[in-house]
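Two complexes are shown next, each including chain A; its partner changes from chain B in the first to chain C in the second.
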Partner chain A sequence: MAGQSDHSLSIFSAAEVEFIAEDEMIEIVPNIRMDALNLLCGDFGPFLPQIPCKVPLWLAVALKKRGKCSIRTPDWMSVEKLTQVLEAERESPREFQPLPFHYVEISRLLLDHAHDDIPEVYMVRSLIEDIRNVRFHKVESGLETISGRTYAVKLKNLSAMEVNLVRPFMVRVLQAFDKHDSPETVQQADASASKRPQVVDRGLRVSLSCVTC
Partner chain B sequence: MRRRGGRSASGLKERKKRDRMESWEEEGSGGGERERKTDVEAMREAWRREKAAPELLEFEGELVRRLREQIQLQEDGDEDDDQDLLSSLRHMDLDRALFLLKSYLRLRLSKIQAHLFFYASTSAQLLSPQEHLFCQRSLHATSRHLHRSLLSLLPPHYQSLSRQSTSSDHDDMLHPPHLDTFVFCKPNTHVGPLQLDDLGDDIVDLVVDDLYVLRYKSVTALVRTGRIDLI
Partner chain C sequence: MNMQFLSLKRKEKTTLQKPHPLGLGLSCFILRSSSNFISIHGRIGQGREKGGKKAGTDFGTQALKRRGKRSFPSQITSLPSPNPYPPTGIGASTCTMPGYYDISDILMEDEAVSVVFHVGANGVGLLDPGTETNSVEKGAKIDLPFWLAHELCRRRAVSITIPSCFGQKMKKDVQADAACVDLGTRYPYFYEFGCKLFPLVGDKSIGPFLRHTFASRYKEMLSKSHTASLNAIPKFVLRLSKEEYQLFEAARSSMVEFKKWRVRDLGLMKATILGHKRKTDLH
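Let's look at the complex of A and B:
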């Protein structure tokens, strides 16, 4: 298949990440009457005019493109909620705010195909862009802190697209550090066998985001 | 997409529809409830796992077989679509399922191709019969090609495919899949502390739904039992 991405670094293409996101459920308000859809991925409907129902995102976009429905914007995509998230993101430099895992893909699809259904769409668009920029900046600065002693990384609340963007680099970096650092760790341990084992030598866990309970 | 046209009698149409509904109920994809997973969902998760894992995972033979049957039924049932909208939506759904299936199978083939020797000698559980055949044939073709084009021209001690020379004590030309790589993962049940490796006593406390980047070796068992999802 022409679009197949390389598996060797567990790489998903952006299109594949969007494909996964398109199965998320979203609420639509049909403006037509249609019988129930018995699809391989589930049964949906029957569709009655002005009665909201839940369908997968790909189906919602398809119906919207044909003018058969309007899409109800998810609650997290309101101006108030997004403003709150943006402020919280700016205030905490090492923490990511909870957002839907596929927020990038969902907002991209809705902004592209259903912008007339989104209240204050320009504001929403600019808020989401700002949120994405702030979060990615945090990811980048977090990457700088990965040292040779990293054995595991914790990334609380990172979203699918952000994970995918950072995956190839992070995997290569961790592997490279692992390869170049472990023999030294062993040698150091042997040389300083008489000393008390130092916690530092065993590798620190670096969190890109702190956990606050 | 195969279309049978209007040749089938209405009785046959009814029976087909009934069969489709029954098989869906059996497979658990009817009703739209989320308690039982549809086969498409299960396939999507298997595809994701396979893509994210550096080694070949066990072949989901039952799932693939069931999904193929459902896709076949759906394709055959195309003749009773009079509305353009319904038919195009069904096609989209079909295309999505087909993509998952095809990508899953091709992904596995490319993994097998990357480590032919290694997978040629693994247990039958891991590979499907067709994959096994593919592996044997590829191995045979590759060996023959290498032998003809290169190895037979080298001095006799260096002609082995798997050893650098006859003085090597093990197969040092062969590389098993690289399991030391790091993967992104999310626990979906409570796992608690996990020992990272044998070197130190690094313990990571795995909290449900938090995202971690860990060495694949440390989480292999958890991935197999489904307690941790690969992202």
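Let's look at the complex of A and C:
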């Protein structure tokens, strides 16, 4: 993995990010009757057939695999909403549309395990792929604008998996630029007394919203 | 000698990859206690010794002592607290120190630089292949490895001339097209070397030159490293220096890992799904 040799970068593997994503709440419609589950992370009420209730995603997937429930797709995963998001992404070249933080992982889990619960599942799948592509291309084109002057890079509304993807590269690039920049600033301080180089254009400001949850 | 060290380094890479809770310093120590490493290092010690074994002067032995300290740490049992900042003199480089035990740092310091001696030195005639007596004349031009030249320069016994990789020809090449300059084969330690060299030599333009090279190469090549295809190594990888290659590897491996995760559980379902996927996929 990218981060292992340099443990200061503290990379998450994709499976770990997925694990963290599974804590999100989702609505299910059980088809069995079950008593309340008292777990460490919370109590999930008595399950009655055909009465929807909210559970964490890992529990929903587990129940679904055993055929004990059907999962209700979250609101943002409908075809209309996703088309809207896709259009908006294509229009604004520098901004990212607000999407749930773990949309990649949630959508993957749902599409894998609950594809019969999602209306128009192939459309949804291709839309999400497109959204992911467009966003990733934006990230890439943003990466090109990092120059020596960038102190921090800020990416709003980027999802957990996307952040995890670019994190090792981005961190190392910023470190490398910093390494090459610092002798110069010291040298300039020698030459012209106490005049720090003015940072004019910071390019994209990206704050690495690390997955620390 | 270098080749043996490199092959050992490759073998060690597998052990180095294991995440160790105590970090790289301790894993280096574990390596050191293996006999393989010590025997090869013994050979390297000899190589260094050849240069300065008969050193009547102070310089050689001082440099050797530092080198010797690196190869044979006295305490293997206790936890090392390695000084990550090797002792530097007047020309303290402000760039981040890679660490005393860093292998690529050690390899990088093996690069040869051409120096001019300010003083005569007795007993180190082996350094100068053209001398008859066992000494080096004042004003002689000799090629020394960088670690030796660094120490001698600290004591103002030599002055380092700028090697060709930072000379005029290189600057012209970089200005023409930075991305085409082949750093991978010619000067794999281009940036690190420049950072270390920069405070010792009077030339103040190396710093900005390095930065400019890196920035333009980054723009052309490295920003595309995420989408570099998995099997076919793109041509520009061969032209990257060691440091740039690490950046490239970081991007590529995280991309590979993500893709593996994506298709992980699909199993038998993959065929039907592939048929419905749109062509605008990341592959």
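Going forward, the second predicted complex is superposed on the first by the 182 of 213 C-alpha atoms of A that agree within 3 Å, B and C clash if a C-alpha of one lies under 4 Å from a C-alpha of the other, contacts with A are read in each partner's own complex, and residues count from 1 in each chain.
What we mean here is this: contacts are C-beta pairs under 8 Å (C-beta built on N, C-alpha and C of every residue); 3 or more make two chains touch, one makes a residue touch a chain.
Given the structure is predicted, the values throughout are model-derived calculations rather than measurements.
Once the two complexes are overlaid on the shared chain, A:44 sits against chain B while remaining clear of chain C. With both structures placed on the common chain, the touch criterion links A:34 to chain B but leaves chain C unconnected. When the two structures are aligned on the shared chain, A:20 is found in touch with chain B, with no touch to chain C. When the shared chain is aligned, chain B and chain C each come close enough to touch A:175. Residues 1, 4, 7, 167, 175, 178, 182 of chain A are contacted both by chain B in one complex and by chain C in the other. Residues 1-5, 7, 11, 13-15, 18, 108, 112, 122, 125-126, 129-130, 132-133, 136, 140, 143-144, 146-148, 161, 164-169, 172-173, 175-184, 186-187 of chain A are the ones that touch chain C when the two sit in their complex. For chain C in complex with chain A, the touching residues are 16-17, 19, 23-24, 93-96, 191, 195, 198-199, 204, 207-208, 210-211, 214-215, 218-219, 222-227, 243, 246-247, 249-251, 253-255, 257-258, 260-262, 265-266, 273, 276-278, 280-282. Those residues of chain A whose C-beta lies close enough to touch chain B in the complex are 1, 4, 7-10, 12, 16, 19-20, 22-23, 34-35, 37-44, 58-59, 62-63, 66, 68, 151-158, 160, 163, 167, 170-171, 174-175, 178, 182, 185, 202-203, 205, 211. By the touch rule above, chain B contacts chain A in their complex via residues 20-21, 24, 29-32, 38-41, 44, 48, 51-54, 67, 70-71, 74, 85-86, 88-90, 92-94, 96-97, 99, 102-103, 106-107, 110-111, 114, 180-184, 196-197, 199-202, 204, 207, 210-215, 230-231.
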